[in-house]
Every structure is written in C-alpha cells, then in structure tokens.
Amino acid sequence: MSRISSLHDAVAELVVDGDTVALEGFTHLIPHAAGHEIIRQGRRDLHLVRMTPDMVYDQLIGAGCATKLTFSWGGNPGVGSLQRFRDAVENQWPHPLEIEEHSHAGMATRYAAGAANLPFGILRGYVGTGLPEHTSTITQIECPFTGESLTAVPALRPDVSIVHAQRADREGNVQMWGLTGVQKEAVLAAKRSIVTVEEIVDHLEPVPYSVVLPWWVVTAVCEVPNGAHPSFAMGYSVRDNAFYKAWDAVSKDRESFTAWIEQHVLGTTTYEEFRRSAGVEVPASV
Amino acid sequence: MSDVAPITEDYTTDELMIVNAARQLGALAAAGRPVCFVGIGLPSTAANLARRLYSPAPVLVYESGCIGSKPTRLPLSIGDGELGETADAVVSVPEIFAYWLQAGRIDVGFLGGAQLDKYANINSTVIGDYEHPSTRLPGAGGAPEIAASAGAVMVIMRQSKRAFVERCDFRSSVGYGDGPGDRQRFGLQGGGPKWVITDLGVLEPDPVTCELTMVALHPGVSREHAVAATGWSLQFAGEVSTTTPPTAGELDALRVLQAA
Amino acid sequence: MSRISSLHDAVAELVVDGDTVALEGFTHLIPHAAGHEIIRQGRRDLHLVRMTPDMVYDQLIGAGCATKLTFSWGGNPGVGSLQRFRDAVENQWPHPLEIEEHSHAGMATRYAAGAANLPFGILRGYVGTGLPEHTSTITQIECPFTGESLTAVPALRPDVSIVHAQRADREGNVQMWGLTGVQKEAVLAAKRSIVTVEEIVDHLEPVPYSVVLPWWVVTAVCEVPNGAHPSFAMGYSVRDNAFYKAWDAVSKDRESFTAWIEQHVLGTTTYEEFRRSAGVEVPASV
Amino acid sequence: MSDVAPITEDYTTDELMIVNAARQLGALAAAGRPVCFVGIGLPSTAANLARRLYSPAPVLVYESGCIGSKPTRLPLSIGDGELGETADAVVSVPEIFAYWLQAGRIDVGFLGGAQLDKYANINSTVIGDYEHPSTRLPGAGGAPEIAASAGAVMVIMRQSKRAFVERCDFRSSVGYGDGPGDRQRFGLQGGGPKWVITDLGVLEPDPVTCELTMVALHPGVSREHAVAATGWSLQFAGEVSTTTPPTAGELDALRVLQAA
C-alpha cells in the first residue's frame, strides 16, 4: 500500500478483526468517516480505545464491531447518554461489551507512555475512587527516592490508531491544529496508523499550535473531506450540533438504530454518500 | 433604570445556580484572579459569566488544552474552536493534565454528577452495581484528578433525594471520603469541595465533620424543602443566610452571553 | 515586586545564596545577562543546574558563585572545553565544585517530572554506563505490569529557573519560539522564575512552534534586549560565534579570567554596559 | 570534465571521514530513507552531505528538537535557527528524547568521544579517575540513550593509540559492554555501533566476538599503520577492502556545503 491511499484500502489492510483500535479526537477532529468504513467492512472483536467515546463509538458498538471498550468518559456531550453503549453494558446487546475504565488523566498518561516506548506511566490519580477496585490496569508504585505512593498505569499500544487532521502534503506529512487532544500520542503509541485529512496540499505552511506528524510515523493518509463530520475541522467546518442532538432519537431503540446503520452506512460506500443518504449538510466554517 | 439594579424573580433555577456560582468566583477573584479548570455546561457558563461581571476576571483553563481562553460566546463543547482561538496557549491533553492540573496550578475545579453524598464524593459512573448497573453513566472523565488536585472544587447540582444520597453507588471522584483525615490519608494535594451550589441554596463542608451543611438558602426556599430534597440527615450551619436573588444586571449579562 | 521588573531587582529578590538555580537554554535563548547579574550581586553557594552548561556557567563557576553543578554536557560547543569548569573540577579553583552528572535524556525527564509535580520520572537510559555508579540520583525501578526494569531519576525542582524569551506582553505572558529546549519544563518545575525578554509588547501574535507561559506561572519578567548574547534570539539576533571562540583565550588562565570579570562584569551595572565595556557588537538577525 | 569524476588525493582527513560516513548513509538510504539523529560537527556535516548526494535523502533529526530539518548551509550549532525554520516539526527537548529517540524511531545515531574501546564503548566524560580526573571532558550529553536506542550507531573518530584503547577510563555510552550478550543483558533496544569511520579506514564489530575489526583501509594506509594507531590488539576482517578515495564530485559538494 502506498502512504496515500483510499480510506477503503487503508481500513481493509490495516484494521484486522481482533485488533485494539483507537479512533481519537477530543470533540474536534473525530475520525467519523473511518469509523463508518470499519462498520462497512464488518470488522469484529475489536478492542476499542478512546478517552471520550461518542457517537461514532456508539455506532461501532451497536453495529457489533466491538467486544471491549477502554475509555474514560462515554457520552454524547451536551445531549446525554450513548444509548447503544448503554444497551451493550446494561443488556449485552448486540453482545457483551467488556469495559476497562480509566480517568482522562490516566488515559492521557497511558498514551504518553505508549508514545515514549515505556511500559507504564505514573500520575497522581484515582486514589480513593472506585476505579482501582474494578480496573486491573491501575496500581500503586513507590517513588524510589521519596517513598511516596503514586499511581501506575500501563502504556496503551493500539494495533491501529486512527485520527483526522486538516492537511497532509504529498509525501504524507500530516498537519493538524486547534485542539489536537491526545492524537499525536495515539498515533505515536500505535503499531500502525491511519490519518484522514480534509485535503492533501503541495506544501504545509506552519500554523500556530499545530502538530505535525512526519510521513515516517504515519502508515496511511486518506483524503476524506469532511471526514470528521459531525465533529469539525477548525478552519474547514464547524460542529454539527443538530446532528449530535438528532442521534439521541435514532439510537434510542435497536430497530431504529439498525435501520439507520443499514440504510445510511452499510447501504453506502463513502462518507460523502452517507451524508447524502442521511440528508445532512456540513456546516461550513465562517 | 436606577443605579441599583432592581431585583426580579423572573429567572430559571439554572440561572439561579449559574449566578450564585459566578458570584463565588467573583469573591475569589477579588483576592487574586482564580485559575478555573472548566468543563462544558453550567460551570462553563458560570465561569464565563464571572469573566464578564468581575474584574480582575477569572482565568479559564479547559481540559481540551486551552489556557486563558476568552470566548466571546458560550462554547457549545469543550473542543469549541473559539476556545483555542482566544487562548493564551493551546497545549496537548496529556500536558494539560500533567503540567497544569496535577502540578497544582488550578485554583478552582468544577464537578457535577448523578449522585453526591454527604462527604461530597460524586458518582458519575453507574447507578446500581458496577458489574450489572441499572444505569450506565458516562464515567469519571476528568473528575478524579480535578477532585484530587484543584485548589478547591465547586459542585453545581440540582438538589433532590435521588441525587443527594447518604452514600454514592460508585465513587467517581473523592470529596472527603468517609470523613475527616481521608484526603490526607489518600495523599490528595488539592483542597477538595468547598462549595455545592444547588437550586435550593449553598452547602459547604463543616470544618470539623467535613459533612456538607446548608449555609445558605435561596429566597423562598424553606429548611423543610431542603431537608426533603436531601437523602441524608441534612445539617444547617449556625447561621443560614438567604442568597440575594439574581439582579437584573446579572441576568442581562447571562442572557446576552447565552444568546451570543 | 511587580511582575514586570528590572533584572537587578528580580535577581536581588528572587535569587538567594544557597539556592538551586537553573538558567536554561539549548544554544538558543541562553539567559546570559541574568547570569552576569548573579555574578554582579555576588551570590554564593548556588547549586547550578543545566543540561548544557556553557560560557555563562563557566563565568558563574569561575567567579565563585557555585558549589555544585548538576548537568549532562559541559563544553563550549564547537570550540572546546570550559576552562573554569575544568579548573574547578580538576583543581578545586576557586573552590571545590560538587558535580551531579546525568545524560540529556535523564535531565529532560527530571525537568518534566518536576513540571508535572511528580517526585520522579522514568526512562530507558544509563544502563551499562559509568554514570549510575557515580550519581546517586539514578536508580532502577520495576514495571508493576511487565516486570521490566527501567531507570528512575528524581524530579528537578529548582528554587529559581531563569530563561530568556523573545517577547512578553504587559500582563507578563511570555512567548518564545524556535528551539525552546527544556525551558517550559524548567520554568514550570521551579518554585520561582525570572524571564528576560527581547521586548515587551502590547499584544502577543501567535507564532508557529511557540511556547507561551501565562503570567500566572512566571514570577518576574525583565525587558533585556540582547540579554541572550552571545547566544541568540531567533527573529532578533544571530549567534555571536566569534565571542564564543574568544572565550577560550579569556578563560584559559585564572588571571585573565579574573581581570575580565572584574573589568567587564563587576565593573558595569547592566548587560548593555558590559557589551560596551567588552567591545562586542550583537550580530543582527538577517 | 568527463562523466566519471576524476579521483584526487587533494583532501583532508576530515573530508575523508565525512565522505566515507556520507557514503554509508547513502547505502542505507537506498534501502529506505534512514532517520538520523544528528549532533553538530563531523556527523552533521556527513549527514548534510548525504542529503545532497543521495536520493532518497536521509531524514535529519536534531536533539535540539528539530525533526526533518533541511538546512541549506551547515548549522554552526545544534540550536542554529535554520534547523528550526526548515524543519517539518519542532518539538521540545523532553519530547525529542522520549517520543522519538527512546521510542525507537531513529535509525542511525552518531557518536564520537575522547576514547573508544574494542567493544565500541565510548568515553566523553573523564580521563583518569572520575573523582580526581586528570582531564575533565564535557560529559555524556545525549550519548547514553543514543547508544541505547538508535537502530544503529555510526562512530566518527580519528584513530590513535591514545583514543582507541583496550578499556575506556569511563563508560559514557555502551557499545557492546564487555562482549557478546551484554546489550541484551542491559535491555538496550537499539542495535549498537555498526560502523566506526576513522582517518585510517573503517571498523565494524565482529559478528561473533563483537570486537571492533578493521574491515577497510583508506588508500595508502597500511595494516601496520592501523595496528600502531590502535591500543588493543587490532584484528582484521577476512577480506579488508580499500576505500574509494573521495571523488571530485563528493569533495565539490562538501566544499560548497561548508562554504555556504
């Protein structure tokens, strides 16, 4: 596969049944199109990882792609619950979903440890909460100099990390800016990576507060304009809040969810087709 | 319109909570600009209202990595573009938690949740048993470390018997644990919850017992009402004040902010 | 003291005899003027910390300000040895200098741990070298998840960190760009901080790859144009390589060094006066 | 001027070492662009020369935080402005060591020093006793972790009895420790020193004993000369080649680079 490829080919080659897969994005730059492609290609037994699983993880879980979720906050921000996630945890539908639950700080520490090729990271966290009792990947470690007790969490090393960025150049160097969350760490911690971008350009102009991932740490770059919709790409689009709100009704029951996935995701071949099918417009950046 | 803004009762309970939270930030600001770690929703609205009402204004830090954001309108989500555009600095999420929150650089953190117990521990994880929950909630998110490391924590929550419970089903973040001395035992460096702003009034931890105690009631709210809306045997401070209703000026500023 | 102050006042108030002091800079943005001010004010018993102690540390050591140095590489890059540093280590002149020696990676890990309020940091490093035998602040720690052995180093928490930056605004927000090394971590790890800047401006325009330190993490900001000379400030000046080369002869023997310090540093009151006294021009940025 | 560049002997030993180092990078580049972790001095010159002579060009990463620098002239120092201006990305020093070097993303690291021993351990710390050194050297700097984590290490050093010693006075960075198996025992993830380019020729570790062995001599250099310039009992590979002298094209490119 060449570094610049179609999203179809990248997912076909790099996302394998049973993989640990992180699609990261902190409200901004969520790789929605890539999530749909995983559903379309019928991946199974995935261990999904993300700090803030939102609508796209709700879809992956409801579509039966995942058997495990590692996360720190799973909701539809400003709207409410993730209905498919809840149905999986509360009622094992479409099948049981094992969960490994952390805090944001712990997940960030775990990605950073993975990016740095360390087996674990340390933080001041979790102590006194109910999490260590239920999550085996939280333990205590003693400072060898002060004797102080700190929390240790193992590195996250996904098989594949997938993120969305604003731009790449033809060599495959990737540039993202605005709120870039934990995406750099997610890509650097992973064995393989896919980056969908708004556009591929000849030259990347430096931008303040940008993160650049050089071509040699990215496995595949796919040009997918609006691939983060209904999330947004700063400078290209704004967040489609109406779409997030509408998700609540679609996902409320199994039938309406399944019909929606079948018609709009499984029944289409690209994210652009999906948007036409679902009748959504991408709100443009002002 | 006179110099003294007229008092109006034409406000929602959300507005009541937001205004009271903003005032508390304003009181802190007078003693030195507080650095606030802000999520989305009521706390973000309160912090942004305080930025407009008080000088010097609180400094806003968002867990998405924005430091010193000065949004002109209310952010719809924690990753809202304007938060980055108006920030003094934008950093990664690992950095915001390690170098800023954990390092003790945050004066005030905000928390909310589905359940709050009398020691200000909060549950935003599950209702019922963890392995077989009756309701699976979003989870802890940033709360455990905000509760551990912020200089002080402000909780904004509607008060009800279902939400204000004797003991949380799950402890997503620690207030005072099982009582005095627990924060020290856990090695938590922050000061813990100092204020709980509700739709009925304000609770603060008792300096001796650490139990949340009603220190103020909103106008028209009776002690009986507060007791009935609390799942533990609610105590009242020696002197319980009545909060000043939101002023027209405060409400105007808030509504302008929300309409922007 | 107000946040914006003179360098004299900042050093007088914030740098105390016996302090652990880090003047950081990785070739670029080395706070030379602040080093001179410390010499002028006659500070003693300082524990100096820096990854790459160079000429300004040679001067501080030769002038008798320091009794300990924690570092990873002490030389005059591209020129040779630091003669005053060597004379202190080899011959205890002007008095003994205790050294605590690390690697670059270890020092960076130590600053990052300090900035994050952790008592120690971990890395894959030092193993098999002679450093752990001579440096007590290097030890091994076991990963609680994999059992792997890693190196632990204690956090650096200087009493004062001093850095040079391009700009600050009137509130005291500091902006630096280009190669910014470990300066952010050095400031965030310290109890107090002094930042000298090329200029104070009304508004800080965002710049690609810039580091911004908000006013509330900086103790004092001092406007000292060319305060990094003979190092440089990208966008303002270039490196004065001739000055670095000339230092070799000045520092070669104790007499010429002492005469130089007395005439040009102790005999002047500001860095601008020093430069006039020493007859040096700052090479301007092209 | 003919198509085949004429061979000239009019070059310095520095130029000889730089050209041979650059050729080695060129050979690697043919198999996939190597990512090089570059300091200042001869290695930086060699890597920059390789960038000009070979396509695809090696990728340069500087420990000051520059990733993918494409300087048009030789940087005078590791913090040279142009390194940042022409980089694909600029990151902090803690990040360059943690996320890039330690993470195993560097294919080739460069080292030099005051002493090199037969197992390619290097001393850049002290001559004599550590506590009472006869000569205090600059110290280890980035070397311990470059030697530990880079996929392969290239050493560029002048060969002499004083510098090429049986055993280093101090081990600033590890080659093969005390022989076979030591890198594995130490848990070092990188491949260790693969090439030592000197003014007399090229040494490589013996695949069985790990001992540095002369595999090539520069034109006009005798085995006796190499033995006399080595402080241990120097072994030669079964077949010792003679390096091709720097070509006029290589020297031209190098001199243009150095004059820029």
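The letters A, B, C and D name the chains in turn, as written, and every chain counts its residues from 1.
In this text, a residue touches a chain if its C-beta (ideal position, glycine included) is under 8 Å from a C-beta of that chain, and two chains touch if they have at least 3 such contacts.
Everything numeric in this text was worked out from a predicted model, so none of it was measured.
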Return the chains shared as contacts by chain A and chain B, ordered by label.
C
Greatest centre-to-centre gap (Cα means) from chain B is with chain D
Pair exhibiting more inter-chain C-beta contacts, C-D or A-D:
C-D
Centroid of chain C to centroid of chain D, CA atoms only: how many Å?
29
Rounded Å distance, chain B centre to chain C centre (Cα mean):
41
Contacts with two or more other chains, residues of chain D listed in rising order
89, 98, 102, 189
Shared-interface residues of chain C (touching two or more other chains) are 117-118, 123-124, 148, 185, 209, 211
What are all the touching pairs of chains?
A-B, A-C, A-D, B-C, C-D
Hey, which residues of chain C end up touching chain B in the complex?
115-118, 173, 185, 188, 204, 211-214, 216-217
Chain A - residues contacting chain C, complex
117-120, 122-124, 137, 139-141, 143-146, 148, 150, 152, 154, 206-210
Which of the residues in chain B come into contact with chain A in the complex?
40-41, 63-66, 76-81, 83-84, 89-90, 92-94, 97-98, 101-102, 125, 130-131, 133-145, 148-149, 170-174, 177, 182-183, 186-189
If we count contacts the way the header does, which residues on chain D are in touch with chain A in the complex?
33, 35, 59, 67-68, 88-89, 98-99, 102-105, 189
Along chain C, where are the residues that touch chain D in the complex?
26-28, 51-52, 71-75, 77-78, 81-82, 85-86, 89-90, 101-106, 108-109, 111-112, 123-131, 134, 148-149, 178-182, 184-185, 209, 211, 231-232, 234, 238-239, 241
